[in-house]
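To keep things simple, chains are lettered A, B, C and D as they appear, and every chain counts its residues starting from 1.
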Amino acid sequence: MTGIIKTSSAASVKQSRRGAEESPLAKWALIAVALAFSLVFLLLPLVNVMAQAFVKGWACYWSSLTQPDSRAAIRLTLIVAAISVPLNVLFGLAAAWAIAKFEFRGKSLLVTLIDLPFSVSPVVVGLMFIVLFGLQGFFGKWLGAHGIKIIFAVPGIVLATIFITFPFVARELIPVMQATGTEQEQAALTLGASGWQTFWHVTLPSVKWGLIYGIILCNARAMGEFGAVSVVSGHIIGRTETMPLRVEALYQGATGASTVAAFCRGELAGAPGLVYAGDQDFPRMETGERISGSRSRIVDR
Amino acid sequence: MGHKRFSALPGFGLTLGFTLFYLSVIVLIPFAGLIVRALGLSWADFWHLATTDRALAAYRLTFGASLVAAVANAVFGTLLAWVLTRYEFPGRRLLDAMVDFPFALPTAVAGLTLANLFTANGWLGRYLVPLGISGAFTPLGVVIALTFVGLPFVVRTLQPVLQNLEREVEEAAATLGAGRLRTFAAIIAPSLLPAVLTGFALAFARAIGEYGSIVFISGNLPFKTEIAPYLIVMRLEEYDYTGAIALAVVLLVSSFLLLAAINLLEQWASRFQD
Amino acid sequence: MSIELKNVSKNFGGVAAVNNVTFSVKEGELMALLGPSGGGKTTVLRMIAGLEMPTAGDVFIRGRRVNDLSVQQRNIGFVFQNYALFKNMNVFKNIAFGLQIKKWKRADVRERIAELLNLFGLEGLDRRYPHQLSGGQRQRVAIARALASKPSVLLLDEPFGAVDARIRQELREWLVRLHHELNVTTIFVTHDQEEAMEVADRIVIFSRGVLEQVGTPREIYDQPANEFVARFIGVMNVLETEVRDGKARIGELEFPAHGQMDGQKLRIGFRPYAVQISSDLGLYQYQAVLRHTFFLGVLLRVELELPSGLTVRARMTKEEYSHQGLADGRRVSFQIRQCRVLAREEAALPAETDLSFQAPPLLGENI
Amino acid sequence: MIGAASLGWVAGKELTLLNVSYDPTRELYQDFDAAFTKYWEVKTGEIITIQQSHGGSGKQARMVIDGLQADVVTLALAYDIDAIAEKAGLLPPGWQQRLPHNSCPYTSTVVFLVRKGNSKGIRDWDDLIKPGVSVITPNPKTSGGARWNYLAAWGYALKKFDRDEGRARDFVDRLFRNVPIFDTGARGATTTFVQRGIGDVLIAWENEALLSVKESGKDEFEIVTPSLSILAEPPVAWVDSVVNKRGTREMARAYLEYLYTPEGQEIAARHYYRPRLESVAQKYAGMFPRVSLFTINEVFGGWRQAQKAHFSDGGIFDQIQRAGR
């Protein structure tokens, strides 16, 4: 039996595509335009941030990093991210499962609502939480009477961050789950797997890279959010200042050198994202290849 | 696989239930709070607060600049995604990685950096300003900042779609005698359209809400370079909560309507997909 | 009885996909569910598996009513049309998945998988990932995975749909051999009647959610229950006749009418092999011109044109053709030895097929 | 949310004092807090932690209104503390009478910062309304400092035109037409002027201007003192409802009173704020040029009136903006 069965797919993969490709002139013109655009909107800002950060050298970078207040800000930022990202991941997985694997009424309204936090101004987000939990707000008096602090404390910062980063994981996962379909899950069910087992062993691995990318985006935004957190944080140095607020504080703190320090920190806050950005290139490509690979195999048949 | 019948898949109730619960707690209740506060106003008061000529000028700038930036992103983002997926050239992977940079950079730093670049003595400004192109403290500056923050949405939405596009279809068009432009217009563009619209919608939506990067690059002059979210902040500085809430509700409702409209548009555009 | 369906129906949003179906499958039997696409056969298979719940009726596996059992509890093996291999797992892990779920001991899992790899000719491929396998290999992995935990029944959805024609033939033979070897009750879905005839012990034919006939390939071919079956299986000449003077007539042709009333319309069908041809013009009842000859290997098929313009298809061996000295354009005489009255769907057939002698062209011409 | 609530701390458990202040006082209070902590420990044996929060003055006041548990507020304008008293009732309306000098322990004024050489020849307020002069000042709507700037210009114009409101308004209108950018806060405006090199003149608080010259060296910027300016009086107050609840009234009061002591006044002077205490003022006299100063009460009848007439929605500043578009 072995060896009889071979597909001809390998032969058909690499073909000359001369007829279906741009002329070299057009191709390089397109690349040139894209590069010019990227130069202005990606490369120059990046280099500028770096240049500002290092204009006074590593010493400044290091000293602004090691101030106790900066360390506190870093710690707080990490805590906030550590709470808000997992919650949003949980939500993203649940929402993507419900939306990608089932049909129900009101689905498109639900998708729109999930998108909504994207477009809400951070200022408005802050305002909403103040309207709810502020001393003059709906629950303010009650919370005050019970000694519970939400805004101008960590819970408020966490809430604002969750709101701002709400759609990232779900938005990444929904299309990936839709693309993978449901056959693998059904197969797992026929093999006796329970719903959870199916989810853990089959669904999760198949959306792994989409999930990781979503987490990276969610995390980068959670650690970088400024506007909304600024409104609800209270800016108490060493207590409720997150990294981006600290950046702003340093920027506002004194003229001259401190501005540079601020940029150092700006660069720092951006750095995790960039590291991820470099890394994610690989998994995302792989996902793309996997999806397109499986499609072309289906076409081959 | 036309219709979906997954009655055997478990977890629908659980996941939808959790989704709705979480959505309510995080998004809907805060929204409701804001709306209830706004309902406390009489309609005439609300209308007056939400439509002062200054507010109208701010809406015009916010929505106009967002639209321009989203269109620019739809065009150049598509181009960038195309170049990144279809061509091999030096620095491609680096460029690919850089696309996420605007996501990762805190918006305030982004605004400062862009202002740095485009002011008269900045790296770009020193060549552009003598030509009469002021990229900082003008409406153009707002567009620049919004283009920057919205760029990854279009590129990242389009890349997987471009990768999955079946080259056979393009080849089929070629065998039928279609030139490259014709193929693009008739074959590729329609299948990219839903993704372009999605990216456009995300970039647009993000732009309407953007605040951090703009305050540093726009100049914030009333009637000229003042965006709506900044006006909200100003109302708050005046301790004018109702004025701020009225503006916030206008922004909220319009972005919701916009997203809903674009979702419908996406459905229409993807009517050929299975 | 290994599997039994009693009055099973399934609606999707008010549309009846399966309508009141009853049949049973014997222990160890290899059963085909055959029908055109959209006929409801896949839905029936999925209801047996527990992937769909019947709207009405009962499903029994080994005498036990399983309506209320979830898919996990039914102990079935299911092979999906596109195999649904877990892309993130290699061959070994794919096959081991169900065993691990059922908490087999590690050593037992290894032993079972080695056995299966050997049985399925997959030795040495256990570390490969699905995208590194050929279509046929993928299918065999899918079947091995389904069979690993020794299910009471193996269900296959269009098992040969996704591979090319040459491999399909090999796989068919392999499936028959495998079935003989394992003797596990097997049901597969197909839209290819040739495949069903060749592989299955018995066939269930569906059309538009309705069960048309159950039987062995021979029974179905020789005694189609109705015109749909007749035309779906093999080639058949179908004529719309009218009873006059106690005989069903069309053009020159007449058939026994078994006491039907005059004026009654009857649809008459006969297989090409029932037509006997002679170059001796006086030998048989009807005369015609041989218009076209189709060489199909040992057999060949001819088209006869009657003076009235009717066309009749006939089948003969090569030897007979040359013995008779036939050629295109020759005048011949012929007779029809056997015909059936196709009782069902008399009124439902569209008008333009009235005079058609043609079976659906896709169907197995060489039968 | 219940889990999250446990992360918020319950007020009053630790010996802390929260000082909610505005942006440019960050360094001042860093030094002052250190001094006061030592002083308090010596006096009472208690070791305390003083927490600082800085931001735009109006924004900081709003956060207190919305529930930020500030024991003391040290803001840029009396109006902002008035707002806390009025909108939320967290302290009594007469708060300003509780401490000497209308609760303003240090003062400042508004001066001009120009680039070295002063190529546009800026000497006084009149030079700021000349065509072609680019003036940097933050948005009076969002920045307390900018409101001082605006009122200083208005006060100068009133005097110049012999209290002719119409002509004063025209003067300020022309001045603001020369403003190309509104930064949200004083520090932003300083950055625009100093770092980005935009504008010919920065209207700034004296302490900011002195700090800028010190930071970037005398060879880049010069300070120009106008003939007439406003006496900027940043007020301080403890927030009664908070200190009552947290039991920190004593400490908060002592903290603010310490600002009036020679030690406190020294620290303020070192950070370029004009001290109230004569002895300290003498010592630092060389640092602060003599300017004739008017107070907001003299010219505008207090903050409440000034705010209502000029900065409210549809007030004079809004009218100027609308006319100037």
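As a convention for this text, a residue touches a chain if its C-beta (ideal position, glycine included) is under 8 Å from a C-beta of that chain, and two chains touch if they have at least 3 such contacts.
If you're wondering where the values come from, they're calculated on a predicted model, not measured in any experiment.
Novice: Just to be sure I understand the contacts, which chains border both subunit B and subunit A?
Specialist: C, D
Novice: With respect to inter-chain C-beta contacts, which pair, A-D or B-C, contains the greater number?
Specialist: A-D
Novice: What's the chain with its C-alpha centre farthest out from subunit C?
Specialist: So the farthest one, by centre of C-alpha atoms, is D.
Novice: Taking each chain's centre as the mean of its CA atoms, how far is subunit A from subunit D in angstrom?
Specialist: 39
Novice: Quick one: report the Å distance separating subunit B from subunit C, using the average Cα coordinate of each chain.
Specialist: Distance between chain centres: 55 Å.
Novice: So, what's the distance in Å between the C-alpha centres of subunit D and subunit B?
Specialist: Averaging C-alpha atoms per chain gives centres 38 Å apart.
Novice: So the centre of each chain is just the mean of its C-alpha atoms; given that, what is the distance between subunit C and subunit D in Å?
Specialist: Roughly 90 Å separates the two chain centres.
Novice: Considering subunit B alone, which of its residues make contact with at least two other chains?
Specialist: Residues 8, 116, 233, 236 of subunit B each touch two or more of the other chains.
Novice: Considering subunit D alone, which of its residues make contact with at least two other chains?
Specialist: 1, 65, 87, 188
Novice: Return the residues of subunit C touching two or more other chains; collapse runs of consecutive numbers into ranges.
Specialist: Residues 50-51, 70-71.
Novice: Sort out which chains touch which and give me every pair.
Specialist: Touching chain pairs, listed by label, come out as A-B, A-C, A-D, B-C, B-D.
Novice: In the complex formed with subunit D, which residues of subunit B make contact?
Specialist: Residues in contact with subunit D: 25, 53-54, 57, 115-116, 119-122, 137, 215-216, 219-224, 233-240, 243.
Novice: Which stretch or stretches of subunit B touch subunit C in the complex?
Specialist: The contact residues of subunit B facing subunit C are 3, 5, 7-8.
Novice: State the interface residues of subunit D toward subunit A in the complex, per the touch definition above.
Specialist: Touch residues, subunit D against subunit A: 1, 4-5, 7-11, 18, 23, 26-27, 51-55, 60, 63, 65-69, 87-88, 185, 187-188, 190-191, 194-195, 208, 211-212, 215-216.
Novice: In the complex, go through subunit C and note every residue touching subunit B.
Specialist: 12, 46, 50-53, 70-71
Novice: Inside the complex, what are the residues of subunit B that reach subunit A?
Specialist: My answer: residues 1, 4, 6, 8-12, 14-16, 18-20, 22-23, 26-31, 33-34, 36-37, 76, 79-80, 82-84, 87, 89, 93, 95-110, 112-114, 116-117, 123-124, 147-148, 151, 159-160, 163-164, 166-168, 170-171, 173-175, 180, 183, 201-202, 204-206, 208-212, 228-229, 232-233, 236, 241, 244-245, 248, 251-252, 255-256, 258-260, 263-264, 267.
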